[in-house]
Structures are given as C-alpha cells and as structure tokens.
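In the two complexes below, chain A is the common chain; its partner is chain B in one and chain C in the other.
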Partner chain A sequence: MTSILRSDVAGPGAPRARSGPPEGRSPRWGWITVGLVAPAALLTVAVQIYPTLYSFYLSFGTVSAGTVTPVGLDNYRWLLTSARFWQSVAVTLVYGVAFVVITFVLALALALVFNTQFRGKAFYLTVIFVPWILSEITSGVIWRWMFLRDYGFLQELLGPLFGDVTVLATPVGALAVLVVANVWKSVAFALLLILAALQTISREIDEAARLDGAGAWRRLRSVTLPLIRPTLTVVIAFMAIQSVNAIGMVMSVTEGGPGSSTEILSLFMYRQAMDFGKLGVGSAVGVVMFFVNLVFALTYLRALNRQSELGGR
Partner chain B sequence: MNIRARASVPALLAALALGLTGCSGGGAGDAGDTITVWGTWDMEDEASGMAEGSVALREMIEDYEAETGVTVVYEHVPFDQLFSKVSLAVQSGGDVPDVVEVASQEVFSRPDVFRDITAELADAEFVAQVGDAERASCVRDGVRRCVAVNIGSTAWYYRAADLDGVAWPTTDAEWLTVGEQLKAQGKYVASFYAGRDVAGVEQTWAPLIISAGGEIFDADGQPAWANAATVTVVDWMRRLLMNGYIPETNFTGDFAAGEQPFIDGAAVGLRGGSWSAQFVPQLSEGLASGEVLVGAAPSIAGGPGHVTLYGQGWAVPEGAANPQRATEFLAYLMTPSNQAKWAAAAFRIPTNALAFEDPAFAEVYAENEAFYSAIQEQADTVGITMPTSPCYTEGLTRLGETLQELMLDVEADAMAALSSVQDEVAGSCR
Partner chain C sequence: MSHSRPTRTLALHLLLGGTAFLFIFPVLYVVLVSLRPSGEGLSGGLVLSGFDTSHYETLLSGQRFPRAILNTAITAIGGALLTVFACTLAAYGLSRGDATRLQRWLLNAFLLLMMLPGLTNIIPLYKLASDLGLLNTYTSLITTFGGLGVPLGVWIMKGFFDAIPREVEEAAAIDGATRPQVLVRILAPIAMPAVLANFLINVVYNWNNFFLPLMFTTQSDRKVATVALFDYQVAYANTQNELVAAACVLIMIPPVVMFISMRERFMAGLADGAMKG
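Right, the complex of A and B next:
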C-alpha cells in the first residue's frame, strides 16, 4: 500500500527526504524518536485501542455489578434474530444513502458555483458555513422547534402535505426531516473539500477542452470530475462514516420516533447499553458498527493516498 | 473479571501521585462524615414549579448537616437521566452516590442496583408510622429497597363550567358521547401525555389496560401486554383520536404538549398528576377557586378506573461508600416534620401519618382540602402501583413505541404488533 508519507510525494525531481537517523548517532536518535512518539502512542492506546478492545471483550459477556460474565456468542445470536436490530440496520441504510447522495450532489453543485467569481461570494459562503459550526444538539433543537405542532413554521407550511398531522409524527416525514437537517448541517464541509479540489485544476486544462469543442456538461463529466475523483471518494467515505455514527441529531430531533421508525444503529446501540442496561448487547452492536466503519475508513484512506499521489504529479 | 479492580489501578496511581506531590484532601474529614446525594431537585432553581420543593430539600439538608456534622454533597441530575446514570454507575463498578432519588417503581426493576436496607431501617421510627401506600412502593416480599417520602398519583382534572351542564365522563362509552358534544363546541374532552416512553405507558396506558382487565407484566415479570384488554383500549383511543375528541399531540408531543390544550382552553380536561399544580399555573389557581375539579379516571369495559401511584423514593445504591450514613439520612427524610415541609411545598401526600398533624402541612391541606381529599381517596381506592419486572424499562419503552405506532397507523393490526414486540422483549429479558 502506498503511503501519504512517501518521500516522492513532492515529485520525481524533488530531493529525497532523509528517512533514517543521522549517521553515527543512531542509538541516541532512536531513544529520542521513542520519547517523542511515546506520549501520543500511549494516549492512542489509552483512549482508542484499549476501549475498542475492551468493547470487543464486553460483547461476549453480560455486565452486572462491575463483573463481566462470559456468554460466548449469545449477544451476537440475539442481534441476528432481533427484528428491531434489522429494522435499525434498514433505517440506517435508507438514511445513510439519502444523506450521502443528497449531500454529495448538493455540495458538488455548490462547489461548482463557488468555483466561479460572483458578487457576494464570501457572504454566501459564510452563510452556508454557519450550520456547520453549530453543535448537533443545537441544530437538532432548531429543527425540532420548526416542526412543533401549532408553533413551528415549517409544520404549518408542510403539514398539509402529510394529511395535516405533525410531520415528525409520520415515519416518512420524520426520516425526511432528519436527512434534510443533517444535509443542512454537513453540506458546508463537503463543499469545502470539493471546492479545494476544484481550485487545484489548472485553468489551461479546462481551456484546452473548451477549444476542442467540449460543452460545459462534457467538460464536467470528462475533465473536472475525473481529476477530482479521489477527493469525491474521500467526501463520500467521510459522509458515509458520519451517517453510520450519527446520533446527536437523531436524539434531538426525533429520539428515534415516531415509534422506532428513525432508530438508527447508533441510537439502537445507545439505548441497549444506556437505557436498558445491556452493555454486552450494546458492545456487540458497537463491534458491528466498528467493522462497517472500518470498510468506509479504508476506502477513505485509500482515496486519500490516491489524492496525494495525484497531487504529487 | 471485576471492572472495579481494573478501575482501582489508575486510582492507585493517582493516589500515589498525590502522595508524592504532598497533596492531601484536608478539610472534608474522613469518608464517614460525608455523603453524596443525587437528586432531581435543582438547588439553583428559583423560577420553575419545582423551586419550592428544591428550597425545602435544601433547608432539610442544611438542618441535617447542622444536627449531625455530616457533610452532604448534593448533585442535581435531570429526572429523565437519573435512573439510567445510577444504574450504569453501579453496573460498571464506577463511582456511585450514597443516596439517590428514584421513582419507587424503578427500584424493583433493578434489584441488583439498589441495596436491601431492611435490616438497617428495621428499628427506625417511621417504619411504624407509614401507611400501606409507602410499603407498596418500597417493600416487596418483605424486602425494603427504598423509602417513599411522599406519594404522588396521576389525576384527571376538568373545568366544570366548560362541560356546559354535562357530567365529567367516567366510562369509555361516556367519553365518546361527551367527546361528540364537546367537539360541536370546538373543544377536546381532554389532553394528556401518552408518548412513546416509560412515563407514557405508566401514566396513561397501564391504568386503562388494567381497568379493562388486562396486564402489562405477568406474575413472573414477563411481558404480557398482548391481550384482548390492550386491544380494547387501543381501539377506544383510536376512536377518540379519529373522531377528533382528543388532540394528536397526546401521542406525538412531550409532557408540555400534553398540557398545552388544557392551558389554552382547547381541552376541557387534563390527565396530569397530583404534582401538576407545580407546573400548570392555571391548574393551581383553578383548584383553589373551585373552577377546576378532580374527576374520575376512565373506566374501560366495565372495570374500575385506575390512577397510577408513585412513591417519591430515595434509595442507597449498591457500592455506596457510606451506606450507614446513607440510611440515617433516609430515616431523617422520613420524619413527620420533613415530610410535612416537602409535601406542602410540592403538592404531594406525606406517607407518614403524623405529618398530617404537622402545622406546616396541616395549613396547606386546609387551604386545598377538596384537592387533597379527592387525590387521597382515589389513591386509596383505585390507585395501582406498577408491577415489577426484570425488563421493566425496555418493556415499557418498546410497548410505548408500539402503542404510538398503532395510534398513528389506525389500520395496523394491534394484536399482531403487540404480540411481536412482546415476544421480542421476552426473548431479551434475561
């Protein structure tokens, strides 16, 4: 696997970075290296690796009064036969696909617009970024209030489309509001990544395509998108990870309701562990989510490497 | 493996570090002189309906500290988080408080979390002074796991004048008739909270299901709500909702949304609790003036209408550092004068019979006699306590979600949905 730390990233003509210790000073240099890396490594072990491994351990047991009793694969067996778990998986999939697709398309469209020059560009960009800096809970409460019965202005506006019931009280409406609220919050970050990638494309390339007779759509499809593909993959992987782990917005907007129609996997895990006291089952869900995240994370890292390779040419 | 043993390693290192740097925890005395208390009363609250109760508790704590020399470290935890926080702390072997406030029905759903304090309190004076409601709240099978400083009860209120000469409906059939009459005047019969959580089931659904002859958990604590009585109640509620006799927000809103139609005057009645006068100003004013009355709970399919009883419990979690001082503090809370102070401040009914004679409560009782006597009579005659179950929280949460789904999808097969979730919870109830 290639690494973003490869010494040839700066280009074939660049001098190769020294990768080993200074000649004649290797033992001391080695201890300095260990000393510099150790704090970060210890911190990573303490707050990431140990808790992750411990969750794996807990997923094979039940916890009571501080004691873990091994139960083998029981927690996983229960998950596989739980209709509620599979419903959460399905809700997460629908929510995740809708969130990623809409965020991606909207961010790409906005990035293309912001890659041109127009009056008030900085102002509009700032406006789009405001939701991104708000906390998930604050954003969620804002969206919940906008759909309050008798008081929320969006409820008044959209209520008739849902048979005049509270929009958040309908499974479709609640899921749609969640998706829109998360897109509203996340699109700025995706926009930033794509815009940065677009600005690395040389004007000459676009100009050359134009001279060859390519229209705007053709240039976008055949020139722009292929050149920023690694960034687009990063954006999609990042958004996918975000959708699997989303919980703050869900808790503050719908709390998983109506019924359990918006109980995504992360909320299912939280409720099993925290509300129902089943730390073992909650950990088992966490392990499942870990592997789902791992797939997206590997895709993300691979795309990052690809991006850095292209950036170096 | 013992999590506490693992947790003690960093604690030991921290202690060593403190020792090496010459730090010591002076001032607080030894652990025997301090107890930590987690409660839902916010000591900094000076504005909400709970403020008077908070002041009463603060004064009790100050008096206790002055009398005993024990330092009480109080921590406010929101009511909807307290039970899960303390359960998780005990379960994972973390730091637990010495005393915790807990709704009585939750105590027996997690006997592994709360200490058996029968022996420690066997000789306490209050034990001979409290009534059946207190024992029903905190003692099961001869084991005491909490003390209930007062009893609260769900209650149905109505504005008599808004009924326009019609009597408050007491049966399921009367609700439909009166609902139609009030609808013609643009009013709902009643608003209430029947949301998708534990409280929604405890306060609204459970009394109705039990009135119809059904049950929520069986004698072994296993889920048993998939019965004909529950379906009868669901069908009745659906008719009320579909005909526009009750607002949709009863099922989709939060506590406040369940009260708002009554506050606005859009609903004639309100299912609240004996405590609601703290939170709904129109209610306390109406009760004082006689404009608002306490009505009977709905009787379903000929059964008696029920109200749900809550003991405002205080318990000692397993793993508490100072259990002896903790039980002494519980006994202190149960004295007649303290119960009187608290009940007077928070519209509750004391569990200690002697508290009724205390001037602090006797005066308030006399001023609100109609309210207190009606609530007390209902508590004595039709009050129910929630059954014990090892899957109490999960069961009621999942049942609440299912009932909400059934109300929002009136075509759905109620028995099939109830059976499905009953089977699922039963499968995980271990």
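Right, the complex of A and C next:
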C-alpha cells in the first residue's frame, strides 16, 4: 500500500509480490474463484446492474399505482421539448466545468506543495481532509448558513460594511456558492490521488532535469505533469462524475433555487419522479445521466490502462 | 535560491496554515453555533455570548434523534459488514486465482461499476423496494449499502492481497496446513488491518449517505440521521438554528473520529482503490 503521509517509503514502484495461483494447486481453483466472487457479484447485480437495466425499461413507460404502461419514446420526447430540462442541462454543464477546473487546479497546487519535505505535513493533510469525511447534508447546512441572506455568517460579518449579502438570491451567486462548497468538500480527495502519483516519480528524474538547467516551471510542465498524466485524467473523470451526481449539497444549500436556476440534472430527476410522480420521466433522465457517467467512466478505465502501460503501477 | 531556508519554511507554514484554516473554519463555525444560547443562532458573527449545551441535551433526550442515530448505526454498520464479507472473499479469489480472461473481465467490470454512481439507479431501486414492500426497512438499506460498496472494496482488498507474497501461504502448506487453516491462521491476521480499513471506509460512506435513505424512508421512526437533519433544517430554519447545528455536530463526530484514528490506512486504501490497487 502506498503511504501518503510519508514520502520516504517505497512507493508503488517497488517490486510487487507475484500473484496467481500457488504452484501445485488443483485445477479446480478456477471454480473456487467463481465461488469466492459469487456473493460480491450477486450483490452488484442486485443493486447496480439489474436496476440499471430496469431503469431503461421504466424510461419507456409511465408508472401509476405501481404498474408500468409502455409509452414508447414519449418520455424522451417530452424531455427534448422541456425548457426546464434544457436549463438543467446547461446549469449542470456550467457547474460541472467550474467545479472540475477549480478543484483540479487547487488540488494539483496543493499536491505539489505536499510533495516536498516539511514538518507538520500529516497534520495539514488531515485538516484539509475533514470536509471530505462530512456528509453532503451537513456540509450543505453549513454553507447555506455562510451565505444566508439577512442573518448568515457573511451577512453578520460584512453586512454592516458593504451592505446586504444577497449572493444566494441571485442565480449566478447561488451557483457560485455551490461550486465553492463542493470544491471545499472534494479538493482533498483529488489532492490525495495526485499526491500518490507524484510520489511514484523518482527523485533522480527531477534531479537530472535540474542539472540540465531546467527551471522549476519547466520541470513541472515537461517532466512532472507528463509523467502523471494518466492520473490527472483519472482525477478529472472522478470529479466530473461527482459533479454530475451531486445532489445532497444542492438540496440543502439552494434547494435548486432561486426559482429552478440551480436545479442540476440529479435534482431535476428527483423532482420529476418524487414531487411530480413521473417515475418514467425521472428514469429517462437517469438513463441520460447514466450514459454521461459511462463516457467519463470509460475515460477513467482507459487512463488507468495507460498508467499501467507506463509502468507507474 | 534567493530566499533563505527559514523564510521559505515560514512562508510555507503561513500558506498551509491559512489553507487549513479555510478548510476547517466552516466546521468550527457550526460547533460555535451549536453552543450559542437559544435564539441567538446565527446572529453575532464569531462572538459567543454564552456557553449553552442544552441543545445537545434536547436532541439526545428526545425521541427522534437518538432513534435516527440508531437507524444510521445499524444500517451503516450492517451494510459495511455485508460489503466487507463479499469483497474480502472476492478479492482473495481474484488475487490468487489463475489470471484467466474471466477474471480480468470481472475486475474491469467492478472497476467500471465503481465509477458508475448509484444515483442514476435511485428511481428503479425505489420502485423495486416499493414493489417488494421493503421501503422503511433496514433490509433494503443494508442490502443496497452493501452492494454499492462492493466495487471499490474489491479493488482495495485485491491490492492488499496482491502485496502478500504467496510464499507465506506456500510455506504454511508445506508445513502441512490445509487451505482453510492457512486462511484462518496465516492470512486472516495479516489481512485484518486492511479489512478494518475497508470496513471503516464503508461505514463512513454509508453513515454520510443522504439520498438513498431519503428515497427509502418515509416513516419518521425509520429515518436515518442525515435525513432527520434535512427535516430539521427545513422545520427549524430561522427559529432554532442552534439545534440544527448541534445535530450537525453529533452526526459528524463518528466519521471524523473514525477517520482520524485510522487516517493513514484510510487514505492509502482510498488512493489505492481508486488507482486500481
């Protein structure tokens, strides 16, 4: 296992133990493996694979009193003509891009700092990690209070000097608060992954570049970043998926408001299904989101395979 | 270098100290609000005019909140146990079995599933739970939590088993130990810390999960703590924010304590799992 808090231990570049069956085992090992994997496979089929297939089915029907009536492509047709759906797509896109870019830049900068030797590293890293350990809903409550109109924290602090804090009451401001809150929550995880990758780069490579006269910026751009590029792709895919699926935070910070200006796709899906009772339409949104996620997930898989080709892990 | 070493070190600590403060401040703020006298709530910025722990007493002596915490504990721990059981077996099989095509395919499938969040499945899951009469039950939450944790767990545990040299098992086998004996006496003690880390990661995930229990529970005595907090936020907004803050603090304590007590293993498990063992 990689040690994130220490940088002096052998990283994942260290020789690995052999894997595969011990010699002289019976050929029945294959069946034993199948048996060992069965509970995990069964659980996954029950709560992930089957529901995904079922959501495809539901998306082609309407549900009333528990019975599904097929309606063909009606739900999708409805979505394509729904202004609120397209608004939701746009909001998700803006929110997602802002969130991914800011999280990524911040996490990369912090990872570069944490990749040096200094006292108190474990302490700082632990503190920065706390937001990631909190529930979306707890974080949401806190961030709502920060920016709340009339008596939020910033209002109390800045109100007397600069006038009322009305950020949450404006569409752009509310979206910005959501981005800030989610960046705050997610930076640590991105930082962790980038730091683990940085620790696999041997000091000699960096030293060689330095002796060749490359400055710090040049070494970062031409040596460090290309070496960890697959990991950076993984992080971006991870963050993108998170942003498409953030919902608890949105529900507690803005409730999708003002109006429906921060109603990201996941919240739109929830409201169609639960508030308006349209499980079919909700499922159709879920299917759309599934394919968006799938694109990012496949990107992630490809990046991981490239990483192992590079011999990083 | 143009700067002397002490100056650089000082600048580094100022930078990181400032960053760390920004990250922890919202958490400290909610603790502060939770200790304010009733009615003061969010007013007063950073000033604490009195020290009042009665909101915690109100919550803990009431009916609803302790019940919600109990529901959370049962479902979070139950789900994590299920996950750990399933993925320890699977990871051992996948790490030690022949590297057949099926196995590689299974590993990639788990990896892909890890990246496909359960959120898009929430409506079919709700419909299925509803059809099976499993809304408002521990069974539905524990099973779903258990299943959602499997893909990451398999990878965390596989990375761990891959790192144990097979010579350890072979030596024991040569000494005449049977395979179950090897598993129980040799591998289990070595694997325990990784199993525990995997368990804790899953407890934290399940503990914090909000959306799934929101969909699966409607009866107030079956709601978990995060959902109860959401209800409080709506019901007590502007009137009893101190109470809401106290609920926040109580909900965040267990995950934070679990994380800090095992932070190194926790972080290593996450990083290795996400980066494919």
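Following the convention adopted for this analysis, the second predicted complex is superposed on the first by the 268 of 313 C-alpha atoms of A that agree within 3 Å, B and C clash if a C-alpha of one lies under 4 Å from a C-alpha of the other, contacts with A are read in each partner's own complex, and residues count from 1 in each chain.
Note that in this section a residue touches a chain if its C-beta (ideal position, glycine included) is under 8 Å from a C-beta of that chain, and two chains touch if they have at least 3 such contacts.
Because the structure is predicted, anything quoted here is derived from the model rather than measured.
By the touch criterion defined above, A:259 lies against chain B but remains apart from chain C after alignment on the C-alpha atoms of chain A.
When the two structures are aligned on the shared chain, A:274 is found in touch with chain B and with chain C. Legend: residue contacts after superposition of the two complexes on their common chain; A:166 is shown touching chain B, with no touch to chain C.
Of the two partner chains, neither chain B nor chain C is touched by A:222.
Of the two partner chains placed by superposition, chain B and chain C are both touched by A:63. Ranked by how many residues of chain A each touches, chain B and chain C are led by C.
Residue contacts after overlaying the shared chain place A:146 against chain C, while chain B stays out of touching range. Shared contact residues on chain A (touching chain B in one structure, chain C in the other): 63, 66, 274, 279.
Across the complex, chain A meets chain C through its residues 1-5, 12, 16-23, 29-30, 32-37, 39-41, 43-44, 46-49, 51-52, 54-55, 58, 63, 66, 110, 113, 118, 120, 122-131, 133-139, 141-146, 148, 151-153, 156-157, 184, 187-189, 192-193, 195-197, 231, 234, 237-238, 241, 245, 247-248, 251-252, 266, 269-270, 273-274, 279, 282-283, 286-287, 289-290, 293-294, 296-298, 300-301, 304, 307-308, 313.
Note for the complex: chain C touches chain A at residues 9, 12-13, 15-17, 19-20, 22-24, 26-27, 29-30, 33, 41-46, 82-83, 85-87, 89-90, 92-100, 103, 106, 108, 110-113, 115-128, 130-131, 143-144, 146-148, 150-151, 154, 159-166, 169-170, 173, 194, 204, 207-211, 215, 226, 229-230, 233, 238, 241, 244-245, 248, 251-252, 255-256, 259-260, 263-265, 267-272, 274-277. Across the interface of their complex, chain B is touched by residues 63-68, 78, 81-84, 149-150, 165-166, 168-170, 256-261, 271, 274-279, 281 of chain A. Taken in their complex, chain B has these residues touching chain A: 1-4, 84, 87-88, 90-93, 110, 112, 196, 248-249, 251-253, 257, 260, 318-319, 391, 393-394, 397-398, 401-402, 404-405, 408, 420, 424, 427-428.
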